[in-house]
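Please see the structure below; I have some questions.
Each chain gets a letter, A, B, C, D, E and F, in the order it is written, and its residues are counted from 1.
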Amino acid sequence: MIEELYISRLLNYLEEDAYPEDVTSRFLEGIRARGVVKSRDEGIIAGLRFIVPFLKYLGLEVIAHKRDGEAIHRGDAIIEVVGDASRLLAVERLTLNLLSRLSGIATATGTMVKLARSINPMVRVAGTRKTTPGFRAFEKYAIEVGGGDPHRFNLADAVLIKDNHIAIYGNLERLIRLVKEGTSFMRKVEVEVSTYEDAIRAYRAGADAILLDNMRPSDIAPIVGELKGRVILEASGGITLDNVVEYARTGVDIISSGYITHSSRALDLTMDAEGMQ
Amino acid sequence: MIEELYISRLLNYLEEDAYPEDVTSRFLEGIRARGVVKSRDEGIIAGLRFIVPFLKYLGLEVIAHKRDGEAIHRGDAIIEVVGDASRLLAVERLTLNLLSRLSGIATATGTMVKLARSINPMVRVAGTRKTTPGFRAFEKYAIEVGGGDPHRFNLADAVLIKDNHIAIYGNLERLIRLVKEGTSFMRKVEVEVSTYEDAIRAYRAGADAILLDNMRPSDIAPIVGELKGRVILEASGGITLDNVVEYARTGVDIISSGYITHSSRALDLTMDAEGMQ
Amino acid sequence: MIEELYISRLLNYLEEDAYPEDVTSRFLEGIRARGVVKSRDEGIIAGLRFIVPFLKYLGLEVIAHKRDGEAIHRGDAIIEVVGDASRLLAVERLTLNLLSRLSGIATATGTMVKLARSINPMVRVAGTRKTTPGFRAFEKYAIEVGGGDPHRFNLADAVLIKDNHIAIYGNLERLIRLVKEGTSFMRKVEVEVSTYEDAIRAYRAGADAILLDNMRPSDIAPIVGELKGRVILEASGGITLDNVVEYARTGVDIISSGYITHSSRALDLTMDAEGMQ
Amino acid sequence: MIEELYISRLLNYLEEDAYPEDVTSRFLEGIRARGVVKSRDEGIIAGLRFIVPFLKYLGLEVIAHKRDGEAIHRGDAIIEVVGDASRLLAVERLTLNLLSRLSGIATATGTMVKLARSINPMVRVAGTRKTTPGFRAFEKYAIEVGGGDPHRFNLADAVLIKDNHIAIYGNLERLIRLVKEGTSFMRKVEVEVSTYEDAIRAYRAGADAILLDNMRPSDIAPIVGELKGRVILEASGGITLDNVVEYARTGVDIISSGYITHSSRALDLTMDAEGMQ
Amino acid sequence: MIEELYISRLLNYLEEDAYPEDVTSRFLEGIRARGVVKSRDEGIIAGLRFIVPFLKYLGLEVIAHKRDGEAIHRGDAIIEVVGDASRLLAVERLTLNLLSRLSGIATATGTMVKLARSINPMVRVAGTRKTTPGFRAFEKYAIEVGGGDPHRFNLADAVLIKDNHIAIYGNLERLIRLVKEGTSFMRKVEVEVSTYEDAIRAYRAGADAILLDNMRPSDIAPIVGELKGRVILEASGGITLDNVVEYARTGVDIISSGYITHSSRALDLTMDAEGMQ
Amino acid sequence: MIEELYISRLLNYLEEDAYPEDVTSRFLEGIRARGVVKSRDEGIIAGLRFIVPFLKYLGLEVIAHKRDGEAIHRGDAIIEVVGDASRLLAVERLTLNLLSRLSGIATATGTMVKLARSINPMVRVAGTRKTTPGFRAFEKYAIEVGGGDPHRFNLADAVLIKDNHIAIYGNLERLIRLVKEGTSFMRKVEVEVSTYEDAIRAYRAGADAILLDNMRPSDIAPIVGELKGRVILEASGGITLDNVVEYARTGVDIISSGYITHSSRALDLTMDAEGMQ
């Protein structure tokens, strides 16, 4: 990863919070201070990859006690940051906001992966495009840190023919054929279906992957029985920590979940600071 | 609000998802279609203020059945969008991501306001700066739609002397005095404390507001007894839907909660589309 | 395609040329004029998709006599533009630069497609990432207009393990396995090789596509004989209009060429303008 | 030159290719590697001025064996780059795309300069505004590296009254007078003509330079005979390596050519990489 | 202050002046030079906080003889800058433009503060939003350097109900009440009036501050007599160095002046450069 | 002029003032209002060219009673703006700031032109690069509106060899020769001198224009006597309304003045608004 590509984004985020001036912390300018980011939660830490170089870019010294993907526990020190107090405190909230949100996503992903693989060791848990506008690259990164598959970054990197495409176009097979002819050979083509029959049709029309949308595990099982190993099978729609095991048990290759990005709980992180003599 | 100030942000969000090309929906170019955004959830809708002008900017026709702040129920149609199918589907996900996240925040805020005011009709529920990096203006807006107080937009628009400031500076009264002398007369000064004694000291030193951080309701009550009406009193720290009533009962003026932005659940919205003859 | 996503790019291009002021054309302000973009060349027109909405955005009236992908001949009128002379002439050069470059790429692509398919009707001609920095989306579009396959838009949308990756990593099979485990199921994996043996190894290790780099047609033929239909086969490296037929004859699925973007000749277009009474 | 003014442009170019992640090269993270940019072509190298500081900005070590403007030959090593393999390979294509395009322009310019001066040692070869949108500053730089004159950077830095201006305005002399009165004394005024008579008229009306557009050398010669030394004379229109000598022989001061930017062939450069123990 | 938040702004300013190339100073590339910024004026220096880090960012060595807020006199050396001559001279004008404008504002502010406090030691002199578009953060900073109060940074950080708001809405008290209910508790509410009666009404309706607009000192005095100490009183409208003492004498808390930003004279600064052997 | 090139700049300026929300004017949303921009000053209006299209872009209706360059008097209505009150008032300050600053510059320029031409009808008054960072294009425009010559837009559009260049390089003639050889034929070359001897030397070395810097009129006169008509002669340095006549009397071609941009007084404009039934 070229972390430099993220610096200007992080500067924009800091500008959102601290421009033109942190009217509180400015009064501490000239005092050297140390801040320790600590966890008040259990989970998987994510986001250090972005934050550590950024804090260094701002001239702060950083000691990282953890790396992205490591488990963290209540009371763990994650990073220590030393520098001018006015600067340390101006960037505190951005640091915590980014780490706690990404760690929340990584943690939810990790939990889901663990649950799913307890019953189906080969299954992958994937994200979706249900991310916060403007913040997707960070959230997709967090999914990977949590052991998940990022799925599509955007609408340009793979084809996914969804229910609305089919509803508008009218004919599943013809649409798949049209798409396969007109799409780069380097892009995969996935098709969303919600019945056994459509799954078979999509497979026969040449889909690389089939997304079984909003289907019950009991309806998915026969499709897996028929198509497993011949096409990638993905289950999606309303999958959370509560029901992921049942979906994993069906034998699908991929379980994707919007929950891990749009509704996961942020990890509770805090920073304790003190002056340094 | 000058909605034009948000158009380029929304274009950037669309670019994140759909640049240089939606390689699926492009195959539907030339087909006229209608999409209806529907709710599969209960709550308060927020974000139409941004999305409706944006969809119109993109040349789509929009009929809005709801306005920001209205209650929505399972099955409600929120907006109808008509236009070229390739365009409608390329912007579907951004539309849903923005509305569902903002509505989730508005809904959580609204619930908290209702709970808090059931016991303390004058109390305000406020947000915090615990927002998604880059997306704060939208999330603060959603708080207001839900009936909450946005609190500070950023570090420049009011002073909040927090625990870390005091820990580093060393003396509460001297820091408050320093800040009041050096801060514009147009900015309020709030001070975060966690004991009765510090609350009294902050009040005497001239704070406009006092943030009672991570204190139990039982510890807050005597402070309210002493200072109510003489200074604005805000309770904060770990307040969620589960305990907000207890905090409201203390008689504080303001209850602020990071939960409503960093950990609220997105509302479940969907779009159903069909071709038009 | 959401043309609005390109408007700000085109404005930046116009700014490059005409900011803060076209110090010549300003003297014609207030005179209504018509300009006709004409061809002095043979080829395929490309770029109207961007330029026509942009000229309209600038308040000019446009009549398009051609659409992207149509053949143009010496003397053909492509578009007519009417409006204030100062504005028409300020945007003339950008209009011509964009159209002539994209049409040059589309024309070279079209010629190559025609040649290749004369011997191998199923073969696809693909572009590469050898594009002008900052201008790739336009150039990839021109490839498609010319009948080609855009190949990867960027390094994020598919995996291509190249000679340098293998040289650095050291073991072809292990690298392919590592990549396949760590890459999203929605991304294809292509491997670049330059010998028969490596092609077989890449196939066996699970590559979705194999790029035969800088190999003679005679060396490619046996690989096609062995792997055709079991994996996508792409020939690349030094392929131009002069030798594309020989490569097509090998039976590969894909022929990719940097030539069509980095060294194709711009089409010769011009604009004739006149005042209107 | 302030190279820092180009860093953010180059970062944008890298973002175009490698954001959010190079999904292939990421698997080589942690391996130190060396890449050598080599020539497979003859020509003049250009672009190191931008690329070398940029690679250093990205934390890579660079040894430059050549400087912009030097001749390069088949097999020459141009620069060596050392650093993390994932980073080296993510930036390889941008490095090559920029250097090969700019070197192609510098080489075409240098060849044209050499040819033109073989017969007319004082003549200058100039570029035009026929550049790739968004990329002009780089291409103008390459013209200078090749020994050419960049001509106007944009429509704001000098006046050039072209055929279309005259066609719309109607009267050559009056337009020149109008322009000279209304234009800053620090900007030159050039007038495009295509006949002997108009050249004389433009000279008499006070043009600083006269552009003889699309005229045959035999028609240019008498104008040179008449006006040489009294006004700058520039020949333009369809001038390539094939006919530049004939134009140079006419004795004009300047020969300008769109060919060197819009249709020159990119130089064939490559990077060979290997791991380092 | 996070100076990094200003670097990209300063780069944009330099780009405005020196992109793509300083066509004069480039001829001095390779010569090491020293430039000394000197004052030809009396006043208060402001802007070094931005310029010094920026010059260092550009690789120039800087010795600062003054700090923002210090008095400067005719002939004083302010900073010395050493580096490549082409770079030093390319940034000279931006350096001088920024310092001379900000110092002019700081100086006018300082003079006004001194005059006002000679008669009323507790009075504050405040700026307004009458700043140069795009340059406000710098100008507000200069006001503070001169000893002034920056007042609102923008329309979002505090409420100021002005004459036009009242004229449109129609009822002073109702508007104040509406605003106080709908505005965050962290934002102050100021009301602009121009009569004694309205001042009393605004006070009674709960304004935090009252702006006495375009009133004569003799009309302000009775309002101060009535409301001093119960609400913040600000005088504004046509206040310059000539009449500030009379306004200060009224006993108001705040005197605000657009003059100090929109019509103050730039300080006369210059740079003397010389080559270094 | 392509006004669209300025819209995004004006949006940025509005964002500086009104993002994310005008917390006062929002309370007037839904009320239709009319605002009239009036003059409380005498002068020349400038900036309508930018502001009128911008207000229309924001959906406001505008009636312009004046055009840029017209004289305005105390009490004159300049433009009327009608639309939603919240929007009208949010953009009021930007409208006034831009118009009053540009009109101040145009007025100062116009006054200087009038004075100078009263004695020397052919003289031009020119601006300098002493402009507000980031705002130059607007200020140069105002100079032209006031009847002045904008001089160089930036360091790239013409050569000006200044005292510092010569001091560093060491030899006037050699530097001029070097520059003339290396500079595009389309750029003029001006040389700054401060003695009669250097003026002659610069002329002989081929300067297109000579800037007589910080010289007394009496020292300029003999240079004009010698060089008038053979080279453009420009006087500069400390020229204000007080002494411009003396400089004009010397017979120089150009008088340039930093005063008109860096120290001119903003024109006093105001907006009166009222609700509409």
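What we mean here is this: a residue touches a chain if its C-beta (ideal position, glycine included) is under 8 Å from a C-beta of that chain, and two chains touch if they have at least 3 such contacts.
Values in this document were obtained by computation on a predicted structure and should not be read as measured data.
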{"item": "Distance in touch steps, counted as few as possible, from chain A out to chain F", "value": "2"}
{"item": "Third chains touching both chain E and chain A", "value": "B, D"}
{"item": "Shortest chain-hopping distance from chain D out to chain F", "value": "1"}
{"item": "Interface composition of copies chain C and chain F: same or different, split at half", "value": "different"}
{"item": "Greatest separation from chain E - chain, by CA centre", "value": "C"}
{"item": "Copies chain B and chain D - rotation angle from C-alpha fit, nearest 5 degrees", "value": "180"}
{"item": "Distance-maximising chain from chain F - centres being C-alpha averages", "value": "A"}
{"item": "For chain B paired with chain E, centre-to-centre distance based on mean C-alpha positions, whole Å", "value": "32"}
{"item": "Between chain E and chain F, centroid-to-centroid distance (C-alpha), Å", "value": "22"}
{"item": "Centroid distance [mean C-alpha coordinates] between chain C and chain B, Å", "value": "44"}
{"item": "Multi-partner residues of chain B (each touching 2 or more other chains)", "value": "8, 18-22, 26, 90, 153, 156-158, 184, 187"}
{"item": "Chains that touch, pairwise", "value": "A-B, A-C, A-D, A-E, B-C, B-E, B-F, C-D, C-F, D-E, D-F, E-F"}
{"item": "Chain E to chain B touching residues, read off their complex", "value": "124, 126, 149-153, 156-158, 184-188, 190, 209, 232, 234, 253-254"}
{"item": "Residues of chain D touching chain A in the complex", "value": "8, 11, 14-15, 18-22, 26, 29, 57-58, 86-87, 90-91"}
{"item": "Contact set on chain B toward chain A in their complex", "value": "9-10, 12-13, 16-28, 31, 33, 35, 85, 89-90, 92-94, 96-98, 100-101, 104, 129-136, 138, 154-162, 164-165, 167-170, 175, 178-179, 182-184, 187, 262-263, 265-266, 271-275"}
{"item": "Touch list for chain E against partner chain A, complex", "value": "1-2, 4-5, 8, 137, 140-141, 153"}
